[in-house]
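Each structure below appears as C-alpha cells.
In the two complexes below, chain A is the common chain; its partner is chain B in one and chain C in the other.
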Partner chain A sequence: MIDKIYSWIDKRYKIEQLLYFSKEKSVPVHHGTMWYYFGGITLFLFIVQVMTGLFLLFYYRPGADSSFESVKFIITQVKFGWLLRGIHSWSANLMVLAAMIHMFSVFFHRSYRGPREMTWVTGVGMLFLLMAFGFSGYLLPWNELAFFATKVGTDSARQVPLIGDFLLKLMRGGSDVTGATLSRFFGLHVSVLPPIFSFMLGLHLFFVQIQGMSEPMGSELSHGKKRTMPFLPDFFLRDLLIWLVVLDILILLSVFFPWELGVKADPFSPAPAGIKPEWYFLFVFQSLKLLPPHIGPFEGEMLGVMAMGFGAAVLVLLPFLERASSKGRRTKLVDVIGVFGLAYFAVFTILGYVID
Partner chain B sequence: MKKGFSAIFTMVLISTFVVVKPSFCKPASNSCVTCHQEIHEKIVADFQEDVHAKAGLSCQDCHGGDPSIASEDAMDKSKGFLGTPKAKEIPQFCGKCHSDPRLMLPFNPSLPTDQVEKYWTSRHGELLKTGDTNVATCVSCHGIHNIFPANDARSSVYPKNVPATCSFCHSDNAKMAPYGIPTNQFSQYIDSTNVHGYALLEMNDLGAPACNDCHGNHGALPPGVAQVGQVCTQCHSLNGELFRNSPHKDGFDALEIPECLFCHQASPEFDKPFARGHTIVRPTNSLIGTGTNSVCIECHTEGDPGWVTAVRMSQDMDSLDRRLERVEVIIEKAEQLGMEVSDAKWKLKSEVLQARMELRTSIHSFNLEKFIPFVKRSDTSLDSVEQLGNEAVLETGRRRTYFIIMTVLLGMVIIGLWLKINQVSKKND
Partner chain C sequence: MTTQESVDPGRRKFLDVFLAGSGLAALIGLIYPIFKFFTPPDQEEAVVSSVNLGPAKDFPANSGKIFRFGNKPGLIIRSADGKFRAFSATCTHLDCIVQYDGKAGDIWCACHGGRYDINGQNISGPPPRPLDQMSVNILPESEEILVTLELKDKT
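Moving on to the complex of A and B:
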C-alpha cells in the first residue's frame, strides 16, 4: 500500500531524485562542526515563531483599546495561552541570539568567502529582518515599557540625514506613537516581514543545498582524507535532538520566567524610569546615549546613526570587501575587527543594563 | 449701489478698528512704565505676568492718571489719578471692578463679584472697619502686582500655597499677639501626621482642604463649636449624616463638645478653642476600641453598651486589616512568581479598599446593626481577591508540574534519539 502511494507520488513529482540528493548530501566533520548546528537552531526557532505566532493571531486584536486586553486574555483565559505567548517571546529572543552566534561563527571561519557570498548576504539580511520582527513585535502588547521604548527607538530615525522626518512619520504613522503606529507595526510583523523573511530563508537554504556547507579555510586544498557525515540520518538526528533540548529550554523559560505583560500604555503618562529596548538593540541605544550632543559641526546622535548604518552596510557587503579569504589568505585584521565588534557589542550591552 | 457699498466698507473699517484695536491706536509709550521702570523695576517686571496685564489692563486702569502724558501731569488728580491706596481703602479699590458684575463679565463670567461684600463679614473685614490696618486685605493674600489666577500654581492662593500665605501673618507671634490667638496652626497643619496637610502638600491632592476650605475664602471666620460638624461634613458628608443619626449626637450637643474634633484631633484641648482643628491626624484602628489610644474610653466604661460596640468594631477592623495584609502578601508572591495578577490588584484597589473605606465610614453610626453589613461586604470582596491570589499561586505549581511532565516526555525522546545516533554512527564506522 505504502509502495503504491510512493510510486503514485514519484510518477508525478519525481521525489526519487530528491531523496537521492538527500541521501548523497553530507556534512563536513571537523573541529568546528558544532557551529553548524546554530543555523539549524535558528531555523527551528523560526518554525516555533510561526507556529506560536499563528496561535496568537487567533486571539490578538490590534488596536490601542484592544491589544493589551487581548494579550491579557491570552495569558489569563486561553488554555495554555500563557505557554504559547511565553514561548513566542522567549523564542524570538533566543532566535536572535542563535542567529548572532551563527553569524559570528561564519565570520570567524570565513565561511562567507567566495563562492558563498550570497549565502552571507541573505543571512545578514535575515538577521536585520529578525531585528525588525523584534522591534515591531515588542510594541504589539501595547504596554508601558514597549510604548516608550518604541517612542525612543523610532525617534532615532529622525537623525537619518535628509529623510529623517519622513522616516519617523512613516514608522509612526504620524508624528507620535499612537494606535496608528500599532496598526503599522502589526501589519509589518504579520504580513510584510514574514514573506520577505521566508523568501530570503528559502534562498539561503537553497544556496546551502547547492554549494554544500563551507569547510574551514585550507581544508579544500588538503589532500588528506576528508571526514564527513551523511546529512540523513546522522546530522538530521543530531539536529532533531538539539531542537528538542531547545524546545524544553523554551518551556522551562516560559514556566519559570513568564514574559511579563506589565501595565497598559498610557500616552499621557510620563515615561517611567529605566526605559530600555530589547537586549539586541541595547548596544545601539547605549552608544547613542553616550555620544556628546555635538561632534564638530554635526549632531552627535546623527553621526552615531550614520556610523551604525555604515557598519550595517559593511557587514552586508563583507564578502565583497574582504577578498583575501576568497583567495585562500587568512588576514589577522579581520579577526581583530571581529573580536572588536563582538567586544563592543558585549560591553555596550552590559553598560546598557548597568547604567541608568 | 456704489454708495451702499462705500457705506458698508466704511462700517467694516470702523468696526475693525473698534474690535481689533490695532497696535498703532495705542499711545506710543506708557509714561507710567517709562518712569517707574527706573525706580520700581520689580513692580514693572512682575506686572508683565500679572493676570490683569494678561487681560489687557494697564497701570491707569487701577491707579488712574493719563499714561500718554510724558510728564508729572500724568499723575494729575484732576485727571482721575488715584495713586497708591491706603490699607483701609484697598477692598473698595479692588472692588471698583471686582464688585461690578457688568465690568467683570467680559473678563471672567464665572468669577464671583461678592468678594468685598463677604470680606466685610470676615474677621479681617470687621477689624479693618474698626480702623485696625494690620489685618489682611485683598493684597495680603493675592499679592499686589504679581497676581495670578487661583488655579495657577504660581498664585499665592493656589491650594498648595494657601497654608503658607495664611501663615505669613498667622505664624507671626508679634503680629498675632494683640489678638491673643495662637500661631501654631501652620506647624500643626504641615506636620506629616496631619491627614489634610499631608494629602495636600505631600500627596498633591488638591481636593484636600487648606485653611480657606474650613474658614471660608473672603468671609474667613473661625467656626464656633456648634459649626465644626458643619464644616467637616462639607466633605465628609456621609460620616456627618451617620453621626447626626447616631446616639452620640444628642450627648455631644448637651455637653457642647465639637462633633468631629473630639475624636479626631490629636490632643483634645477644650479649654483652648482656637487650638482645635489643626491637628487632625490620620485615623487609625487604635482610635476606636478600648485600648490606651482609644477615644471611646474617654466617656465609656467597661460593660456599658458603647464599650461593647467599641470592642466589636475595633476587633472587626483589626481582623479585616490583618486579613488584608495576608492577601496582599499572597498577591505579591504570585506577582513575584511572574503571574499576571492585575485583575486581583485592581479588585483589591477598587472593591476591597472601597469596602474598607465604607466600613470605616459606617463606624460613625456607632451602631453594630449598621456596621456589621459593611464588615460582611468587606469580607466578601476580600474573599474574591484572596481566591484570585491563591489561584495564581496554585497555577504556578501546576505549570511546574506540566514542565516536569514535558521534560520527562521530551527526555525519553531525546534518549531514544541519542541511542539511535550512536547506532547509526557505529554502522557508519
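Moving on to the complex of A and C:
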C-alpha cells in the first residue's frame, strides 16, 4: 500500500531524487556523538511550541482587561487547557536550555570553524530570537511578576546610548508598560517572530545539509578510516526515541509542576518581593543588580548594557574573530574563554536564585 | 544570439542603473512610513498638576499608599510622627514601583532592593537619583490632602 502511494507520487514528482540527498547523509561516530542530538531536541521543542501556541491562540484574548482572565479561563475551564499551557511554558524553558547546550557543544568542539561560519551565525541569531520569544511570551498572561519584569527589562533599553529613549518607546508602544505594550508583544510573539525564526531555521538546516556534520578537530586526520552512521534510518530513529523521552519529560513536568499564573498585574501597586525574570535572563538581571549606580562618569547600568551588547556581538561574530581553528590550529584560549563564559553564566544565575 | 550581440552596452548600463535606482527609491519610500508607523504617536496626557487624596484621618501613622497621579503612580507616606510626604513612586533605577517599609521607616524597591530614606534620597542599592518630590498640603476646611508635583525650575 505504502509502496503504491510512493510510486504514485514518485511518478509525478520525482521525489526519488530529493530523497537521494538524505540517503547520502551520514553522521560521524566518535566520543562526542551524543552532542549531535541537542540540535534535534531544540528542533523538536520548537515544533512543540508552534503546535501548543496555536492551540492557546484559540482561547487567548490579548488585552490589559482580558489577557489574565483568558489564561485563567484556559487553565481552569478549558479541558486540558492547563496541560497545553504547562507544556508551552515548560517547553519554552527547555528549548532555551537545549539551544544553549547545543551552542556550547558547538563552541567547545570548534564546529563553528570555517567553512561553517554561517551555520554558527544563524544559530546564534536563533538563540536571540528565542530570547525575544521568551521575553514577549512571558508578558502575555499579564500577571504581576511579568509586568514588573517587563518594566525592568524594557527600561534597561533606555541605557543604550543615543537611541535609548526611542528604543524604549518602540518596545513599550508608549512611555509606560500598558495594554499597548501587551498588543505589541502579542503581535511579535505570534506573528512576527515565528516566520523569522522559521526562515533562519531553514537556512541553518540547509547549511548543515549541504556541508554535512562537522567532526571534532584533528579526528579527520588522525583516523584514516572514520566511522559514520547513516542519518536515515539509524540516526533519525535515535532522534525520534529521544524526542519521545523529551515529550514524556514535558508532560511529567506540566503535571507535577503546574505553571503558576499568580496575581493579575496592577500598574498602581508596589512591586512585590521576588521579582525575577525567566532564568535565562537572570544572569543579566543579577549583573545589573550588583553594578554600583555610578562607575566613573557613567551610570553603572549604561556600562552594563553596553558590555552585554558587546558580548552579544562577539558571540555572533565568533567564527570570524577566532580564525585559528579555521586554519586547523586549536588554541587553548578559546577553551578558557568558553569555560569562563559558562562559569559566569552559571554563577550569576545561581546567585540570582539565592540572593534576594 | 544575434539579438544579444546587438545589445548596446550604453543602453544596458542605463537600464541597470535605472532599475537599481528605482528599486532603491521605492525601498526608501517604503521604509520611512513603516519606521514611522511603529513609532507610537505621542498620546495627549491629561496634564495633572495635583490630586486630592481625601481626608487626612484616613491615613494611619507609619504607613504608605500608592495613588494615581494622572497615569503615573505616586507614593504618599505618613511617618510615625504623623507628618505627610509624597513622591513619585517610580523607582529611578529601572522603573519599578517603590513602597514604604514601615519596619525600617524608609522607602524600598523590591525589584533590585534599592532604598531611599524618608525624604526620597537614594541611600543604598542601585538607584542613581532621589525620587521626584511632590508637596503635600492639607486643605484648611475639609482636612483633605492635596498632592502637587513640584516643578523642577527650568532656568
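FYI, the second predicted complex is superposed on the first by the 345 of 356 C-alpha atoms of A that agree within 3 Å, B and C clash if a C-alpha of one lies under 4 Å from a C-alpha of the other, contacts with A are read in each partner's own complex, and residues count from 1 in each chain.
In the analysis below, a residue touches a chain if its C-beta (ideal position, glycine included) is under 8 Å from a C-beta of that chain, and two chains touch if they have at least 3 such contacts.
Everything numeric in this text was worked out from a predicted model, so none of it was measured.
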{"item": "Greater residue coverage of chain A in the superposed arrangement, chain B or chain C", "value": "C"}
{"item": "Touching partner for A:L252 - first (chain B), second (chain C), both, neither", "value": "first"}
{"item": "A:P267 touches, of chain B and chain C: first, second, both or neither?", "value": "second"}
{"item": "Touched partner set for A:V336, first chain B, second chain C, both or neither", "value": "neither"}
{"item": "Touching partner for A:G300 - first (chain B), second (chain C), both, neither", "value": "second"}
{"item": "Parts of chain C lying in touch with chain A, wherever the complex brings them together", "value": "38-40, 43, 66-68, 71-73, 89, 91, 93-99, 109-113, 122, 126-128"}
{"item": "Residue numbers on chain A that touch chain B, as the complex places them", "value": "72, 75-76, 82-83, 229-230, 233-234, 237-238, 240-241, 244-245, 247-248, 251-252, 255-258, 260-261, 263"}
{"item": "Residues of chain A defined as touching chain C within the complex", "value": "148, 151-152, 154-156, 166, 169-170, 172-174, 176, 180, 267-275, 288-289, 291-294, 299-301, 356"}
{"item": "Chain B - residues contacting chain A, complex", "value": "338-340, 342-343, 399-400, 402-403, 406-407, 410-411, 413-414, 417-418, 420-421, 424-425, 428"}
